[in-house]
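Both complexes below contain subunit A, partnered by subunit B and then by subunit C.
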Partner chain A sequence: MENHEHEPHENHITSYTTLAKVLIGLLFLTFITVAVTGIHLGPLTVAVALIIACVKGGIVLTWFMHLKFELPVFRYMVLGVFLLFALIIIVTFFDYAFR
Partner chain B sequence: METQNNQLNYIEDTQGRWGIFAWIFSTDHKRIGILYLISITTFFLLAALMGGLMRLELIAPGETIMDAQTYNGLFTVHGIIMIFLVVIPGLGAVFGNFFLPIMIGARDVAFPRLNLFSWWIYMAGAILAVYSQFAGDGPPDTGWTFYAPYSTESGTNVVAAVFAAFVLGFSSILTGLNFIVTIHRMRAPGMTWFKMPLFPWSLYATAWIQVLATPIVGITLMMIVAERLFQIGFFDPALGGDPILYQHLFWIYSHPAVYIMILPAMGVITEIIPTFAKKSIFGYKAIALSSVAIAAVGYFVWGHHMYTSGMSGTARWFFSFLTFIVAIPSAIKVFNWVATMYKGSIDARTPFLYAATFIFLFMIGGLTGLVLGSLATDVHVHDTSFVVAHFHYIIFGGMGFAFFAAIHYWWPKMFGKMYNERVANIAWLITFVGFNVLYFPLFVIGIQGMPRRYFDYLPEFHAGHLISTIGAFILLSGLFLMIINIYRAKKHVTPAGDNPWGGVTLEWQVPSPPPTLNFDEIPTITKSPYSFEK
Partner chain C sequence: MEEHRDDIGSRMGMWIFIFTELLLFGGLFLVYAIYRADYSAEFHTAAHELNAFIGALNTVILLVSSATVAMAITAVQKENKKLALILVAITLLMALFFLVNKYFEWGHKIHLGIYPGSELLTKLERGELLFFGLYYFMTGLHGFHIVVGMILLTVVFFKIKSGAINAGSFVLLENGGLYWHLVDLIWIFLFPLLYLLT
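Moving on to the complex of A and B:
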């Protein structure tokens, strides 16, 4: 598979085993998301929920949406979007943390 | 680089469709650009007339032609139409659609059907926006900002209005996506990033804001609807919500949206100045990268709309600091435009007059923006007519005059006909004078304490309001003269020729009007886009 990483027009077939593993990973993270709501983390509650959601989003993008097989430029774009999202959240919490 | 073309032009080539269907079902980027031009101009005139009515109400203290509730509805409707239907799509949807593919040497955008779909979504949103003004429980009275908790309680037609803005957001996202892919994938052979003209550069920076910021306001507006229907408690303090959270979420989109409006305007000015100074643009890379810098830093300055909201002091100085930072790339552009004109062979034709006016008005808007970006002075002028004046100098003086510059610059290319330049120059003068007479007094009475969004005022503000109303009608007459002159040009038969201004970018190398597929053969680019050497 690695040989085809830089050939975006190739068809990539991900095995059922890999897809099943990704699905189990996503379900496990969903379970974690629900479980942490029972733990009192104070202001970190939102941060933990968002980090788990970002990891899940990353997994979906990487395997289900085939980002793994795309040109590096697309990965940089997605990385940039995640970075922007993180910065917007951090800047918003500049208000809440110091109010 | 000269291209000869034997195809039908895009106006003659109806592709077998009849009448209006040849337009509303066409996937040709040029026809879609014209669809947007007609739609946006119509909504602009409607909202400008509303502005005229508001100014008439303010001609004297007390109730003159309407009551307070009607005035509240009118400034909300004026704002919604101008922001969501005119200035946000504005230059990108009209001139971006028409000229982006031609300027980068492509035959169309990457996704032509999606492009047409974007216009249909725009029209659906527009119909919904207009519906929200006349149906249900009366026009929304929240202002275009839909601030919570009032927007969650107002008995007026808020749900339809915010849903219209939500739908219009999809059109914006899809257009942005189309432009990003087009610029990445469809540039002509040899057109490297730094050989691309600067209008496409500005559209590229804008497109990223459209794609990344618009979903935030979409969700925020849906949260308003959810709050109204299900009393969830996102924003209403009575339900445990936080109204400042609404302001954060709204301005996370709506401040970058100001750059959606102004970046393409800067791109237009960057095209016009070298053409009429007959000189290569000064500081090409600085202008290109400053567009990207404005788009990037512009994401993090939204809090300067909220200094008096009760936000934390730490967040306030942080946002103030970044606001001053974002002034730097804007100033780089102004410096480069002026440096381009320096020792140029300036030909002060109509598009140049509008472009120079843009710089003048944008400078006034920008410098008064620093007054609003400073924590201490902002507290004094917050929610006064000073803000109204600043905003209109940036958006109308900036984006509006850039739109007028663009229409006068590219009209001969779009239709192959030249307008009457003498009348166009008279219209420019009336518009310029009217604009300043309308908005400058608002700075003065704003500093004196005149609140914005009030239908009545104390007698000491009468002189300022009277002058401003006179200015509004001077401006409206200038606008009507301009539109009539341009419309007559389409009817008359003064051929413009392929390159009436002596421009050097690719759109001036194709016939006027351009053929359906733009080029017989896709050109190979070897020179910089602003190379005036023979």
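Moving on to the complex of A and C:
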């Protein structure tokens, strides 16, 4: 364990209470999603459902997947992949719209 | 001789693998988005066939299992082996529940004659055909990931039991957890897109 000082992650212990709170938050957001899609808001429903899904995804990445306590390089990599995916979506839709 | 280990490298390798998985499912979400834009009315009709209750139940199951596997890491760090084993076992049980639900869900659809290549499906509108095709492929691929995750977590369970995974060395548990959270993450998007947006 010679590289212990380079590992801020290894020393961090996420408490059971924190994880339980995160779970409750995620369950609450699931409930909100089901409730919101039940009332018909038209195209807005898709937007709301996707925004809530993104928030839930962010919570999973931050706490469950420990990104909050990882080295910054992990966060940059994840950000890079999401930017790449966003770019793929944009480019595809442009191609599709102007065909 | 000192044991050679690189936990950061292990986790980074796992993350890079997870990125490939995200782009794999990302591509499918893109296909879904394009066809949904093209056949929105048919997608709405077809999505009515899906059971939102089972979808919601499976969401809850996966969220709970994600929390338990994350808690297992805490338990291992606190050297509470027994609790860690219980938490991983609960995660595996939840995974099994998920698959049982999926079995009944798919079974019901197949009973109704809605399955890839079925006679009924070919008579439906093109948009509905595409929706069910995507539904079976995306939930099927996701279900396959559940099975892989279960195998991985079973290995983790026995390694915790044998002491190979302990408070000083638990990167395999972390990576198994990361994989399991990925499965959860994908479902978080699959559930509203397939089951709720009717």
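Criterion: the second predicted complex is superposed on the first by the 70 of 99 C-alpha atoms of A that agree within 3 Å, B and C clash if a C-alpha of one lies under 4 Å from a C-alpha of the other, contacts with A are read in each partner's own complex, and residues count from 1 in each chain.
FYI, a residue touches a chain if its C-beta (ideal position, glycine included) is under 8 Å from a C-beta of that chain, and two chains touch if they have at least 3 such contacts.
Computed from a predicted model, the values in this text were never measured in an experiment.
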{"item": "Touched partner set for A:65, first subunit B, second subunit C, both or neither", "value": "second"}
{"item": "Which of subunit B and subunit C A:92 touches, first, second, both or neither", "value": "both"}
{"item": "First (subunit B), second (subunit C), both or neither touched by A:45", "value": "second"}
{"item": "Partner chain(s) touched by A:14 [first = subunit B, second = subunit C, both, neither]", "value": "second"}
{"item": "Which of subunit B and subunit C A:33 touches, first, second, both or neither", "value": "second"}
{"item": "Which partner reaches more residues of subunit A (counting touched residues only), subunit B or subunit C", "value": "C"}
{"item": "Common interface residues of subunit A - those touching subunit B in one complex and subunit C in the other", "value": "81, 84, 88, 92, 96"}
{"item": "Subunit A partner contacts - residues on subunit B that touch it in the complex", "value": "212, 244, 248, 252, 299-300, 303, 310-315, 318"}
{"item": "Residues of subunit A touching subunit C in the complex", "value": "1-3, 6-7, 9-10, 13-16, 19-20, 22-23, 26-27, 30, 33-34, 37, 45-46, 49-50, 52-53, 56-57, 60-61, 63-66, 70-71, 73-74, 77-78, 81, 84-85, 88-89, 92-93, 96"}
{"item": "Contacting residues of subunit A [partner subunit B, same complex]", "value": "81, 84, 87-88, 91-92, 94-99"}
{"item": "Touching residues on subunit C, where the partner in the complex is subunit A", "value": "2, 5-8, 11-12, 15-16, 19, 22-23, 26, 30, 33-34, 37, 52, 56, 59-60, 63-64, 66-67, 70-71, 73-74, 77-78, 168, 174, 177-178, 181, 184-185, 188-189, 191-193, 196-198"}
